[in-house]
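Each chain gets a letter, A, B and C, in the order it is written, and its residues are counted from 1.
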Amino acid sequence: MSPKRILAVLLSVLASAALAGAALAADLAGLVANLTTGGFGEREAAITAMAASGEQRAAPILDALAAGQLYVRKSDNLVLIGKPDGNQLSLTEAISGKAAGSGTEADLDRVRVNNRLRGVIEAAVGSLTLMSPNAKVRRDAAEALFKRRDASSLAALDAALAVEKDPRIKRAMSEARAASVLASDAPTAQKLDAIALVRERADRDSLGVLEATANSATDPEVKAAATAGASAVRQTLAAWEAAQNVWYGISLGSVLLLAAIGLAITFGTMGVINMAHGEMVMLGAYTTFVVQEIIRTSAPHLFDASLLIALPLAFVVAGGIGILIERGIIRFLYGRPLDTLLATWGLSLVLQQAVRSIFGSSNREVGAPSWMSGAFQLGQINVTYGRLWIVVFSLIVFATLILVLRKTPLGLYMRAVTQNRPMASAMGIRTPRVDALTFGLGSGIAGLAGVALSQIDNVSPNLGQGYIIDSFMVVVFGGVGNLFGTLIGALTLGVVNKFLEPYAGAVLGKILVLVFIILFIQRRPRGLFALKGRSVE
Amino acid sequence: MKFGSMMRTGLVAAGLLAGAAGSAFAQGAPIKVGILHSLSGTMAISETTLKDVMLMLIEEQNKKGGVLGRKLEAVVVDPASNWPLFAEKARELLQKDKVAAVFGCWTSVSRKSVLPVFEELNGILFYPVQYEGEESSRNVFYTGAAPNQQAIPAVDYLMANEKVQRWVLAGTDYVYPRTTNKILEAYLKLKGVKQEDILINYTPFGHSDWQSIVANIKKFGSAGKKTAVVSTINGDANVPFYKELGNQGIKAKDIPVVAFSVGEEELAGIDTKPLIGHLAAWNYFQSVKNPTNEAFIKTWQTFTKNPKRVTNDPMEAHVIGFNMWIEAVKKAGTTDADAVIDAMIGIAVPNLTGGLSAMMPNHHITKPVLIGEIQGNGQFDVVSSTALVLGDEWSDYLPDSKDLISDWRKPMSCGNFNVVTGKCGGKGK
Amino acid sequence: MITRFLWQGMDRNLRLFVLLVLAVGIALPVLNQIMPPGSPFHVPAWLLQLIGKYLSFALLALAVDLVWGFCGILSLGHGAFFALGGYCMGMYLMRQIGSRGVYGNPLLPDFMVFLNYKELPWFWYGFDNFGFAMLMAILVPSLLAFALGWFAFRSRVTGVYLSIITQAMTFALMLAFFRNDMGLGGNNGMTDFKEILGFSVQADSTRAVLCFASAFMLALGLVVSAAIVGSRFGKALTAVRDAESRMRFLGYRVEGYKLFVFVFSAAMAGIAGALYVPQVGIINPSEFSPANSIEAVLWVAVGGRGTLIGPVIGAFIVNFGKTWLTGALPEVWLFALGALFIVVTLLLPKGVVGLWGQLKARSQAKKARAPT
């Protein structure tokens, strides 16, 4: 071939490519236009067509659509992607990607999606991004297609598998392919291979695929294999379930521990029946709310650190109020423990109403920082980061407290005063000061608990009420005056509760735990780890 | 002796209190309207807003000159989420304060507690919350949704649009979820759903540890059929439930949750980004765009001096109820209970979703049913809406109530008329 | 003979007080019945109901005081005994509705009909009989108290531990009664009562009788309590309160004393509950909530523990305050209530009744100081 001819061929190829490109762009514009008009049905067809086009530029448009960020400008009907930027939206043209200034929701019509479309979009984006240069995107795409199990994505998966290098992604893709095969009308042999592949995955999603195949397959061989596969997977999962329950129990136990540990000091070592303990927890939670509110308005980039900032503040707020309470009320009541119950009950009413008057009675939003959202899989145990951090946090608080009590002079004074007040006083310890600090410490720790609990519970004036009884149970069960008793007590009650729950249901489980505590106290009237010696009298 | 005199003083004081309030209306004296919502205790979280909305409505009406040439005056009491106290306060409002109508209650048990008082003293109660039905009293106007105005359209939507085949009915263990789930179970079976594809789960009030239950839902959902959760979980328990859903990664497109007790107010306490796409069925959403609603939202936000304050469905119910009452008082020309009760039936006022809601002879109202999906900003996107639906107080799907109807027009004037036996079931003259 | 004995067991103040309770219990219902509604002496029905409610609360407070003020057992679970008594009465009243329920079922209460019960659960049998129901209102709380006390006192569970397990008991019962599967109405409890002993519960005359009955039972409770407290047995009780170990070493069977007074007090609380329910028209599991039991303790503390008059006065003061403030200051009444509890605990350890003594002692001290 002469160079001239080569040039001509090349040119014509280029031209046709350019033409094809132009046609595609026109297509995409048409499809995008379809996306924004008509009902959900038309939108679904347009999405499927965009996926089939293989056009890479379609992916960000679809992503924006799923995220509710695709708009049509009212003035010129231009399709735009709008990312929130303060109170405004910064706009880009959807098809060309050119910046298009900014606008507000009022000038724009949002293209609406529903759940069904979100599923379709995820699969469409999945098949469009299987070839993405980013490994995580490819992996997510394969996972999405696995869950979607749609025969129409087979072609895309085959193409992607042919070029994929990363063995883990390759595995994910072939699993997705297997799931798609099971949804197609492929021959029996292929389906059996697919079942074997899916079965090896042995998680909840693969169980779903197998069950669906077992339900819908017409071929008896496939049906039998799928049923056998499903029951094998179910058995594996059942074994993991026990482990999962232990984890849930520990996690519940850590919440109980956090709630109770402050009480273990104010009630356990000082003997104050502190009914306002729950309100100290609530104050900690509200401190977190205030901190987040300030961060949201003045320093949004610090949001992930909001809990870390809130921790010392919550300790100071709750601890400070605790010291005020001790100086103002409790100190007149030493030696009358049952009277502290009455006064602190009144106090808890006042604190609740105060918070209600200041913050209103509805729930307040406390957001989760990114490092506390989401979950990861440990084998087949689903561990959420939020819960994990709460477990870790409660253990840290516990360990720190033990250290403070055992290794610092303050801890020594505290133990001395609570064990033998006159003697401690005679030795020159300023007992009133130590009392105030001890109560402040207990309340401060309750405040810390509030920061953690704001992540899993309502932040409302009633927050404390939900924990006060459980906290008393934990302290009494563990043995008043013994911190290790509180730790063991909290974890035991948590795990027992979680093992009872699947059989007895949540309510009956809780009742059984309470009955168990009542009976246990009869056997050991001073709890799990009773203090020995004269100090108990 | 000292103690005796002390006690007598107390009694005398109580007597005086009663006497002072007992004075009869003078012409032009304000018309009293009772507001019976908990401002403290567990229900304050939901009910305080309704008290505020009523104060706003009364203020707005007074700006327009009140009604019948008389101003309205709100009488606010705090029943403190305590059910016997609800009855006591209702009696106080009716007998001592002589209010013309009462707007109040949230929970079914509070309504049940005050019901005998309203019937005995012939008062008028407007009840603004969705409830389980199975009741129709001459003295109560139910402006919230009956199960057929919420639950059944929601299930229909999921069946048709998301092809759901497997159902988790999760609720708090009290009468509303129990009844709603019973109705739904019967309805689903009628639609060919098998028993093994329905999971019913009840949790106590204020349940806060949802780990096991959410895991269980996940397990139930991995049977290869599209699964959805129908949630009648109440009040405070929702926040931890949704937080757990978000954390355990249950996405709306995998297992959608449709809730009947979660509205804008509840979502204000949660970060909704992980929850996008979960659903709720109500008769009103703040996001509905029309001039009436926009005006209402604006008034509300000005009244509460909070430009971010949300509105919700029970608030709309009070708006409708209040406007209906005003119209009925105008029509009757008096605030006398019997006249107003008779005048109420047939009154139609604009609702906030752009239509007219009418009070029907069974003391329930017509409303459209809207299905909304949660958005990242704590609002709902309406994905489906129906025409006006009439609240059905006696469910057609429960064996014992399917033959009952209620019609408070004369001559029937009966709350539980049995169409088979042709007799009025019990009370109600 | 017995009356004379009981009468002599009381001091002058208490006698007058019992007479006062009876006088109120007779005068108010009579004024309600014979005075025409327009008259300034007419007692409206709602006031009658309110007083009736306070009277039953006062009986509960007396029960709490008997174990706490005289025997040193701080029970945080008396609300449970009260509620159980109330439930027994509630079950009787439910059965009296008969076929007047909304579904017209002659046997089953409404809530059972819509929960698809086909027949009456076994524990509902007999409750259509008033005598049986009242017996149960006394027996059920007594038996529960006996079971709990038997184990707890023998194991020498004392002080705070005992308080906490009584709290656990009422909390567990609350959760249990909230369950619809219990067959006791779940969260909605029982309401919409029609008749008691054939008389409409909504009739003023029935209310008058109930108010009188509450006053009578309170007076009776005061008289019997006075007899117990004043007897040798009562002296031993007070001794147990003040020095339990010493009594034990002296050879007294401490647990027997405690058990008796605990069971007696539970029975009294049960009666109070049974009187309370027809007057307020509803019984619901939230009566079991630990907060209610704590409140009952607070009434005693406000009035004055360790006296018989104190709890009655305390119950009246706190509940009257609640009635008044929830209407007059609906937004901030909890501040007032909370502050009352704090102030009473700090400044009036002996309660309002003790205040009189405190003032007297102070004035005497002043007088004694004056001449010198």
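Convention: contacts are C-beta pairs under 8 Å (C-beta built on N, C-alpha and C of every residue); 3 or more make two chains touch, one makes a residue touch a chain.
In this text, all values refer to a predicted model and were calculated from it rather than measured experimentally.
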Chain closest to the middle [Cα centroid of all protein chains]: B
Chain of greatest Cα-centre distance to chain B: C
Chain centre separation (chain A, chain C; CA means) in Å: 46
Approximate Å spacing (C-alpha centroids) for the pair chain A, chain B: 31
Averaged-CA centre spacing for the pair chain C and chain B, given as whole angstrom: 34
Chain C: positions in contact with at least two other chains: 175, 178-179, 331, 334
Sequence positions of chain B contacting 2 or more other chains: 39-40, 173, 202, 204
Residues of chain A whose C-beta touches two or more other chains: 352-353, 465, 507, 510
Interface residues, chain C side, partner chain A - complex: 74, 148, 151-152, 155-161, 163-165, 167-169, 171-172, 175-176, 178-179, 290-291, 294, 297-298, 301, 331-332, 334-335, 337-342, 344-346, 349
Complex contacts: residues of chain B adjacent to chain C: 1-4, 6-7, 10-11, 13-15, 17-19, 39-40, 76-80, 82-85, 87-89, 91-92, 95-96, 107-109, 112-113, 115-117, 120, 134-135, 173-175, 178-179, 182, 202, 204-205, 398-401, 404, 415-416, 418, 425-427
Interfacial residue positions of chain C with respect to chain B in the complex: 13, 16-17, 20, 24, 40, 43-47, 49-51, 53, 99-105, 110-111, 113-116, 175, 178-180, 186-189, 191-193, 202, 280-282, 284, 286, 309, 313, 316-317, 320, 322-324, 326-327, 330-331, 333-334, 353, 356
Partner chain C, residues of chain A touching it in the complex: 271, 273, 275, 329, 332-333, 336-339, 341-343, 345-350, 352-354, 357, 465, 469, 472-473, 476, 480, 507-508, 510-511, 514-515, 517-519, 521-523, 525-527
Touch list for chain A against partner chain B, complex: 40, 68, 112, 114-116, 118-119, 122, 147, 204-205, 207-215, 237, 244-245, 248, 251-252, 255, 352-353, 356, 360-365, 367-368, 373-375, 382, 384-387, 455-462, 465-466, 497-498, 501-502, 505-507, 510
